[in-house]
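Some structures to go through are shown next.
Next, two complexes with chain A in common: one pairs it with chain B, the other with chain C.
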Partner chain A sequence: MTRAAGFRLGLVLGAVFLLEVLCRAGVIDHLTMPPPSQILRDLGVMLSSGAMYPAMAKTLLNVVIAFSAAVVVGVAAGIGLHGWNALRQGLEPLFATYYAIPVFAFYPLLIILFGLGDAPQILIGFMLAVVTVIMNTLNGLDRVSPVLRKTARIHRLGRLATALKVTLPCAAPSVLTGVKLAVAYAFIGIIGAEFIMSRTGIGYEISFAYNNFDNATMYPLILLILAVSTLVNAALSHWEKILMQRRGLG
Partner chain B sequence: MSRAHVSLHDVTRVYAGARGARHDVHALGPVNLELRQGEFFAVVGPSGCGKSTLLDVIAGLSRASAGTIEFEGRAVDGEVPEGVGVVFQDDACFPWLTVRDNIDFGLRQAAVEAQERTRRLSHALELMGLSDFAGAYPAQLSGGMRQRVCIARTLVLQPRLILLDEPFGALDQQTRLLMGDELLRLWRDTGATVLLITHALDEAAMLADRIGVMSARPGRILDIVETGWPRDRDSRIVAESSFGEITGLLWRSLRVESLKALGKSAGVTSALP
Partner chain C sequence: MIVPSRSPALHGLALVVGIVIAWQILFEIAGENAMAPPLDTVRYLLQLLSTAAFWTHLIETARAFTMALALSTVLGLAIGFVLGLHRFSAEVAEPILLGLYSLPKITLYPIVLLAFGLGMPAKVAFGTIHGVMPIAIFTMSAVSAVSPVLLKTGRVLKLGPVQTIRAILFPAALPEIFTGLRVGFSLTLIGTLLGEMFGAQRGLGFLLMTAIGLQNVRVIMAVTLLLVVFAASVSTLLVIVDRRLHRRTR
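And then the complex of A and B:
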């Protein structure tokens, strides 16, 4: 473990320890937040009971759908826009300001258009995630050196083969940065949407538990989301590190 | 040795001027040139004279604005013909692939049969001294070794015409001489026709059978110098007295053109020491 990673871990463990002490000393009362050790125990009980499995499965499945669609559409759109400069120049200012728009504000419209099922929630997750994939794909493709494009032509590759075998692999570290952000945005989108427009899922269960002062459910669910998104992010970061090391950049 | 393998007839290349520019940029030509089957031909010229543009139009990477290019009797027109390999000055290794996979890349594209692929791959790795680095990534190699990977990737496809665009430009002098030796050996072994673009007169004089001297932009072939070296030469010929004569001859042709490229007139040049 590097010094920086050790420092980071120490900081997180220190913050958890501080919370534990504050909760047990009564500085933070139990109705506001139980001690972290209690949250962990509650999570164990919840997972062993299996009561939340349907909600977890529904949320994770929707995150996977929104994320996968964002990556496929985002990478394809990135490749397409990279080859169509006029359209790119028209759209890029919109992409730059995209995250200033609160996508959640459109939820009534999405419900009218797609009903109360999973579709509008997945759409919000997708909408939040897709643009960062497009922008990072474009960024990565911009950095592909012209000599690699020439090399693709020397090997008589067509446009699609050039994208799949040369330019996209070359742009992979940048694309992966977009993919990492897409995971986070998909989680935010899906869980946020479940708060406001769903009757199922982890977001809904958190909201329901909050309204009923059910800390034994709410905090373990928050911890679960934290754990899953951290785990996915760590796995992608590890992959990113390997890619960078291969290129002498790690 | 005398049949024309590549022929260029009145080839020119004009680039459209940038937005707001008054004129188009006349980068090359007209160029008339014939490369003989199996010869090593070098092109030297002042900076910006269109040497790389010449290589691009011969390779089919760029379309000639006028004139015709033929490779083995077939017209080249903006598409890279089968049988042509190119090595560039810039690092063209794929950084995400190992040395083995880099060299194998072209063989996969060409759908070469698996057993033959393995044979060519092992041969190329051995020939270029890369066997111990087959599993390494380009970032782990020196500039010279990365260039060898690119040469190996070109050679495994057994091209009949090899185009080299200042392939040793980024290397130090000693490595360039040694790479030159390797290149001469590969040229003899493969029997391919080689066109080398270089700004280094000594490199051209050491490697080539014939050297085309290009004018300042728009580049035209001003002169062709025959070196008269035996086919089994190597870098030790730099010690020959005729080596100095050849580089001197090249420089005489090039000096005025190089000054033109720098924006100095012949009148000014005569006042220079």
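And then the complex of A and C:
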């Protein structure tokens, strides 16, 4: 472990310990937040009872669907737009302002169009996640050196083969940045939609627990989501680092 | 590379026209229960803007957003400068900041409500936790990327810390910092609105949430239109300034 990583670990552990002390000492009211050790114990109880498994399975499955669709569609759209400059310039202002638009406002419209099932929630997660993938794919493709494209032409690769064998691998680190953000956005979209209007899922369970002052359910669920998204993010970051090192940039 | 467009305004106009046409077509398909047509929405929005009740919501949101943006900016710049100036701290903190940035912060809303109660402080806090991270991250990487030669020149000229920041660091890092502020603007807006949607009794987010509950399509569309127009125009302005700053330094 490097010195910085050691420091980092110490810092995070120190913060958790401080929180524990503040909670135990009563500086932070028990009704506001239970001590971290208690949350961890509650999470253990919750996971072993299995009561939340259906909600977890539903939310995680929806996140996976929204995320995968966003990555596939986003990368494909990025490649397409990169070759079609006129459309890209037309859409550029939309991309630049996209994340300032409250996408959740469209949720009721989606419910009316698609019914109260999982589809509107997945669509919200997809809508939030796809644009960052498109933007980062375009960004990565912009940086592919012309020499590589020329090499592909010399080898008489078709459009698809050029994308799959030359430009995409070259743009991979940038695409991966978009993919990492897409994980967060898929979570935000689906959990937010479950908060607003839903009868199932982790988001619904959290807001149900909140309304009933049930901290023993609410905090473990929040911790669970934060832990899952952080783990996925860390795994992708690790992969990104390997990719960067392989081309001597790390 | 993107070929610089001869008329970006024309592209923007084409995009707006395209969106309005798509909106009208979607309305013809979805019907009156799902959404309101463009012209009707604009008319209804103008009608809303002439009522005093709507203005109290609007001003409430504007106040919360302004405070959250001011807090995110001050905190973000402070964190960014402190960490950016000290290489080792930056190395320790960067992964933590990036991890916090990509956390689905929407899950934290019950905790924010428990800590701050319903109302203004919770909204401001929710807006701030969304906006502060991008500003801090962009500032940090911009400050630590300032060329050592410039800093050495400052030392040779015997500049004090405040003078060094004002005369060397800030101008050199400005383009990147501005990009951070631009992203911070979008995220603070969305954070504030989300805070209002889930935990407030006033503001546009609250208005949106009640309209969703009542299936009041006209209010949903009118408020969404107002927010999108505001977000898109400010964001476009910021993008233009951003490009200018970046071009100047190249």
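Note that the second predicted complex is superposed on the first by the 250 of 250 C-alpha atoms of A that agree within 3 Å, B and C clash if a C-alpha of one lies under 4 Å from a C-alpha of the other, contacts with A are read in each partner's own complex, and residues count from 1 in each chain.
We adopt the following convention: a contact is a pair of C-beta atoms (placed from the backbone, for glycine too) under 8 Å apart; a residue touches a chain by one contact, two chains touch by 3 or more.
Not measured: the values here are computed from a predicted model.
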item: Superposed model, chain A: greater residue contact from chain B or chain C; value: C
item: First, second, both or neither for A:11, with chain B first and chain C second; value: second
item: Partner chain in contact with A:107 - chain B first, chain C second, else both or neither; value: second
item: Contacts of A:181 with chain B and chain C, given as first, second, both or neither; value: second
item: Which of chain B and chain C A:155 touches, first, second, both or neither; value: first
item: Partner chain A, residues of chain C touching it in the complex; value: 1-3, 5, 8, 11-12, 14-15, 18, 30, 33-35, 88, 91-93, 95-96, 98-99, 102-111, 113-115, 183, 185-187, 189-190, 193-194, 197-198, 205, 208-209, 211-212, 215, 217, 220, 223-224, 227-228, 231-232, 234-236, 239
item: Parts of chain A lying in touch with chain B, wherever the complex brings them together; value: 145, 147-148, 150-151, 153-157, 161, 165-166, 169-170, 172, 243, 246-249
item: Contacting residues of chain B [partner chain A, same complex]; value: 59, 61, 79-80, 82, 84-86, 88, 90-92, 94-97, 105-106, 109-110, 137, 139-140
item: Touch list for chain A against partner chain C, complex; value: 3-4, 7-8, 11-12, 31-33, 85, 88-94, 96-97, 99-102, 104-109, 112-113, 142, 180-181, 183-184, 187-188, 191-192, 195-197, 203, 206-207, 209-210, 218, 222, 225-226, 229-230, 233-234, 237
